[in-house]
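First chain A sits with chain B, and in the next complex the same chain sits with chain C.
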Partner chain A sequence: MTPVLSIQNYTLDYISSAGPVRVLHDISLEIGPGEVLGLVGESGSGKSSLAWALMRHLPENAREVAGSLRLGDIDLQRLSPGELTRIRGRRLGMVFQDPSTSLNPTLTIGRQITEALIQHRGLKQRDASSLAVNLLGHVDLNNPAAIMRRYPHEISGGEKQRVIIATAFGCRPDVILFDEPTTALDVITGARILALFARLRRETGVAALYISHDLALVTRVADRVAVLERGRLVEQAPAADIFRAPRHANTRALVDAVPRPERRLVHDKPGDQVVLAASDIEVRYGSGRLFRDAPPPATKKIGLEVRGGEILGLVGESGSGKSSMARALTGLARFSGKITFDAHEIHRMRDMNAAYRRDVQIIFQHPDASLNPRHRIDEILSRPLKLYGGHLANIPRLLEQVRLPASYANRWPHQLSGGEKQRIAIARAFAARPKLVICDEITAPLDVSVQAQIIELLLALREETGTAFLFITHDLNLIRQIAHRIAVMRRGEMVDLLPVEDFDADHVHPYTRELMAASPVPVG
Partner chain B sequence: MTELFIRLMRKPQGFVGIVLLALIAAACLFGPALAPYAPEKIDFLGRFRAPGWQNWLGADQFGRDILSRLMVGARSTVPLAFIATFVGSAAGATIGVGSAYLGGRTDEAIMRTIDAVMAIPGLLMALLLVSTLGNGAGNAVIAIAVAFAPGMARVTRSAALNVRNQDYVKAAIARGEGAPWIIFREMLPNVMAPIVIESTIRVSFAVMLFATLSFLGVGAQPPASEWGLMVADARQHMHQAPWGLIAPSAAIALTAIAFNLVGDGLRDALNPKDER
Partner chain C sequence: MSLAWFARRLMLMVYTVIVVSMLVFAITQILPADAAQSLLGENATPEVLAALRTRLGLGDPAWLQYGRWARHVFTGDFGISMRTSLPVGPEMLAALSRSLLLAVSAILVTLAIAVPLGVVAALRQGRLTDTGVSLIAYLGVSLPEFVTATLLALLLADTWHWLPATGYVSPLEDFGDGIRHLALPVLTVSLILVAHVMRMMRSETLDVLKSDYIRAARLKGLPERTVVFRHALRNALLPVVTIIALDVGYLLGGIIVIEEIFAIPGIGRALMVAITTRDLPSIQAGALIMAATYAVTNTLADMAYAFLDPRIRYD
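What follows is the complex of A and B.
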């Protein structure tokens, strides 16, 4: 059987000021008709470069050193710009990572989808519109005719991704490239998108290259999995086998890094005294106007308490109010309610004194945004030391505490990788010797393997300092590994607050059960 | 500081800008000593003399040597324009970042006040201030600084609003940093690029505004060889002796270009991400 897409001995360099950097070494891959090939690797392993090479949209400084890229019997590297336009979308579709940026915000959904159909399938406007309505209905969007008239900002992230998938499938390409299509979505939405993908694939028999950093997820959607490490293809195996019997060390590391709820990482019991108790916390953004009611509160009278040395998990899909809780507890959002900390009562942002600010630290989701790009690492770390009384000579010790060399003190944030930046953010939080650290989705933008290292680091720091954690995440598998108790939030309400052992029990809230079902538990 | 300078000199635009600025600075410092003639030496035989070996850039309606007047005039033009722009930009940037940081009603109040001030044309504002404060170069500097500040505040605020939402600012608030630190150390360095660009462009506006004030009789007084005043004087004789107009205009343009180039270079050199 001839492959639909074949990559032979493909080698790619990027020319940088320091000379050529090899990003792909001698890659050979084939995708048969109707087959889904999963491509897994950490960030920087070259998986997206391969996708862009196939789409013939490489950056200026890319040099293709050797190899060939063939779509059926077409040599992709030889195509003229005009021929490329006919191939892209028509024979080779692509679905991007972030649905919020892959639709044009100034055009209606209908315009964007019919334009693709008219271009690639040569349909008349009227036929294209009716087909578009069909396609949108087929990806389980309610009231497709209404969606057609809306603008991208008027529909949710999950709906946008459905629109993009509908467009990609609607042009009936031979192969579709998926570049982390669910990474930017929350768990439940992501799970629904995957189910949709599986159904469409059964119906159309399209071949696909599915790129992701999440091995557990890829094994569920792909027939075969290829593992990429620093531009080299280290392993190729059927999806069912790769989890059970990984051959290469890198694959094994990826498999081990996947969080599994049954493998507990924390074994001690938390203390008895309550460190922080919050009750009736309500966060509101914006207030009512003359002709407009106030928007509903982001959190509705939430109460929780954290005990000494405890890890309390807070899970929920995006928009459930988890981050609003973190913002209220750290005085970043106006709230009503009461926080009791160390026998000190707080009713307003103004009540938070220096001692509270020191004892409750927050680590943010995006390490790129939480470190000031114009400050060197030593300046970033020196601020909490200066504010809360500490010695600047401690900076090397802080770096060592998060397993970074002391020489990093002189670097700029942009010279560090995402995981290293997150370590700096952790060091900054721990410089204050806090009693409670709030982690707001701190591992969400990181690779699975980096995530495992960060978790290990946090647990080691907890061992050393006895700090309690409020760990906000949407990854239920991860939080079940480390938390003592888990609170589940939905639409600003707390639906469950259970000890972690009770999660398999029957009395959990239906929503919690739905969340658990949506979290991909690794095959095998 | 030296590191910044080296990085600036490595950029072509930074290098050219610095060389031009060095020339202008030399004219400011040593102009009177180097000038071939005294700036006010009147030569009735040489009225409207075309550029040549006697007067390299020609002579004006009194036969005064234009090159000498330019070299002497640099001192009363460039430093003042620079100081006025610097003061205006610094004040505007502080107001803009501060307003973005405070947010809410305070921000609204500050920005509406700024809007009200901006509704008065810059020249009118400057005239008003100079006529209340009294004639003189120092007062003209203050007037121009005040006229520039609102525009800078607007530009800075829009950039600072983005920075305000970044997690590093939130982190600073959560750790209990004071407002001055957040405004000057966390936010301001991240909005430097638009400030530097905007203010280097405004240096040339400042030169022209000085010229206008002089032209209206409230800035430098004839026979001073301030560049703007020279343009204003030569305007009447444009058809007879275009060089009288062209030479000071070119000097103003060159100064503006020099500041712009240095501004471009500074913007890149100030960005730690730029490592080439």
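What follows is the complex of A and C.
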């Protein structure tokens, strides 16, 4: 059978001030009719560059060194701008990573879907509109006629992604490129988008290239999986075989880094004494005004306890209030309720004394935003040491504790990789020798393999210091590997607070069950 | 546009005007001018002065005087000019109408030139067209308006005799002559505004063209023309609307130089004369009218913004 999409010996460079940098080495891939090829790799592996090359949307400093890109009998590299307009969308569609930025905020949904149909299927405005309503209904959007009149900010992220998928499928392309289409969505919404993709694919028989960093997820949607590492194709295998029998060392490392709930990383039991007890914590942002109602509270009078050395997981979708809880506990958000810490009662931010602020530390999701770009690493680490009576001579030891060389003290944050920056943020939190560390989605922006290293580091630090953790995440598989107890939040309420062993039990909240069902577990 | 949003916006405008009226009144109270003394002249006897003060209510507490003034202003009565003994209101409004005509024409001309130039410069970023347009823009920004005005007047009026150098003719009386008289000042003001509106338009267009939704529009297979006009232009215009509203403030306040050079009896000149002759009612009326105009234009700009950007309406 002739492939619909064929990449032969493709090699790509980016020209930098230091000379050409090779991003793709001699890549050869083929996608047959109706086939879904999964392309997996970490950030920087070149998987997005390959997508941009196929869409002919490379940055100006890109140089195609060798190889060919063919769509059926069309040579993509030789298309004129005019011909390209007739191929994009019509023959080669694309679904993007972040639906919230991929739709124009000032045009209605209807406009943005019909313009593609008018362009590629030669329809009149009126026919395009009725087809668009059909398409939107077909991707399970309620009341598609009303959606047509809405603007992107008036629908949810999952609905936006459905609109983009409807547009891509509506032009009936030969191949659709999916560039991490669920990464920007929460777990349950992402799972529903995947189910939609599986159904549409069955119905239309379209071929697809599915790009993702998430190996577990790709094995569920793809027929074949190709693994890309630093611009080289290291393995190609049927999806079912990749997990069972990874051949290449890199694939094996990727497989090992995927969190699996059955592989517990923590085996001890936490202590009995309660380190921090919070009850009736309510956080509200903003208040009502003339013509305007007060927004609903971000957390609705919830409570939790953390014991000595315990890892308490806090799970929920974006907007569930889990970060607001962290902000209340660290005095970053105004709250009502009671926090008891070391026999000290706290009712508002003002009650948090220096001892509390030293003992309860927080690590944020984005180290880029939480490390001052104009401070060197030693200055960043010296702040908590000075504030809480540590010694500046401890900086090398702190760096060693997070497995970084002492020479990093003189570096700037931008000279470090994402994982290294997060290690600095961890070192800063531990500089105060805290009793409780709150981790707010600290591995979310990292690759799976880096995430595994950070988790390993946190567990080692816990061994050394006996610190308790409140670990906030949306990744249920990850938290089930490390937590002693897990709290599940939805819309400001705590729906479950269970020991990790009870998570498979029947009496869990329906929402928790839905969350578990939506967390991709590797196939094979 | 939701009704509550609209109501909130209008209330904010009314509130602004009330606060400004208090400030204007307070400032004229502090000024070292005595209304009775100004009215009667240097040679008035103390008895006559005292009698007039009582009649004018100048001895009353400030809030009472403000209340009385505000009530009159509300009915359109700004008082009698101390200089000309004519009602202040009509005179100031006539002056405002001349200034507004100049300002609105200048803004329309500016938009017609600056928006296309900015978009073209952005699309040809780094090429000769872009460099040329940017260079002219820098020149426009850096030259003070009296230099631009003098240069233009020298060329268009003195050397080539295309346009009258100074004066004002109402377009209602003689449309052709009115426009000819308006051309030079409008051109001068536009040259300055074009420069910075164009630069704004260029940088906004560049930003928008880099956004994900423009990439998505291109990769959907839309022609470049549709991408630029339908997807980019509207989003790039948004910040420009705000800039234009701020420019109206500059035009009403700072246009006095232009009005002086081209001898246009506008609101800037009227206010200047009122201040130098300590004509209190005229100062109050002029300041309040300018503030109110500014509040109205900003409200209009907000509404234009809400019309262009659907996200604003429900905030």
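We take it that the second predicted complex is superposed on the first by the 523 of 524 C-alpha atoms of A that agree within 3 Å, B and C clash if a C-alpha of one lies under 4 Å from a C-alpha of the other, contacts with A are read in each partner's own complex, and residues count from 1 in each chain.
Throughout what follows, a residue touches a chain if its C-beta (ideal position, glycine included) is under 8 Å from a C-beta of that chain, and two chains touch if they have at least 3 such contacts.
The model shown is predicted, which means the values in this text are computed figures rather than measured ones.
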Chain B versus chain C as contact partner of A:His153, first or second or both or neither: second
Chain B versus chain C as contact partner of A:Phe364, first or second or both or neither: first
First (chain B), second (chain C), both or neither touched by A:Leu332: first
Touching partner for A:Thr189 - first (chain B), second (chain C), both, neither: neither
Which superposed partner A:Thr443 touches (first chain B, second chain C, both, neither): neither
Touching partner for A:Met55 - first (chain B), second (chain C), both, neither: second
Partner chain in contact with A:Arg86 - chain B first, chain C second, else both or neither: second
Complex interface listing, chain A residues touching chain B: 17, 330-332, 352, 354, 357-358, 361-362, 364-366, 369-375, 383-384, 387, 412, 414, 425, 428, 432
Complex interface listing, chain C residues touching chain A: 4, 7-8, 211-213, 215-224, 226, 230-231, 234-235, 308-311
Residue numbers on chain A that touch chain C, as the complex places them: 55, 57, 81, 84-90, 94, 96, 98, 101-107, 115-116, 119-120, 151, 153-154, 164, 167, 171, 290-292
Residues of chain B that touch chain A when the two form their complex: 166-168, 170-177, 185-186, 189-190, 272-273, 276
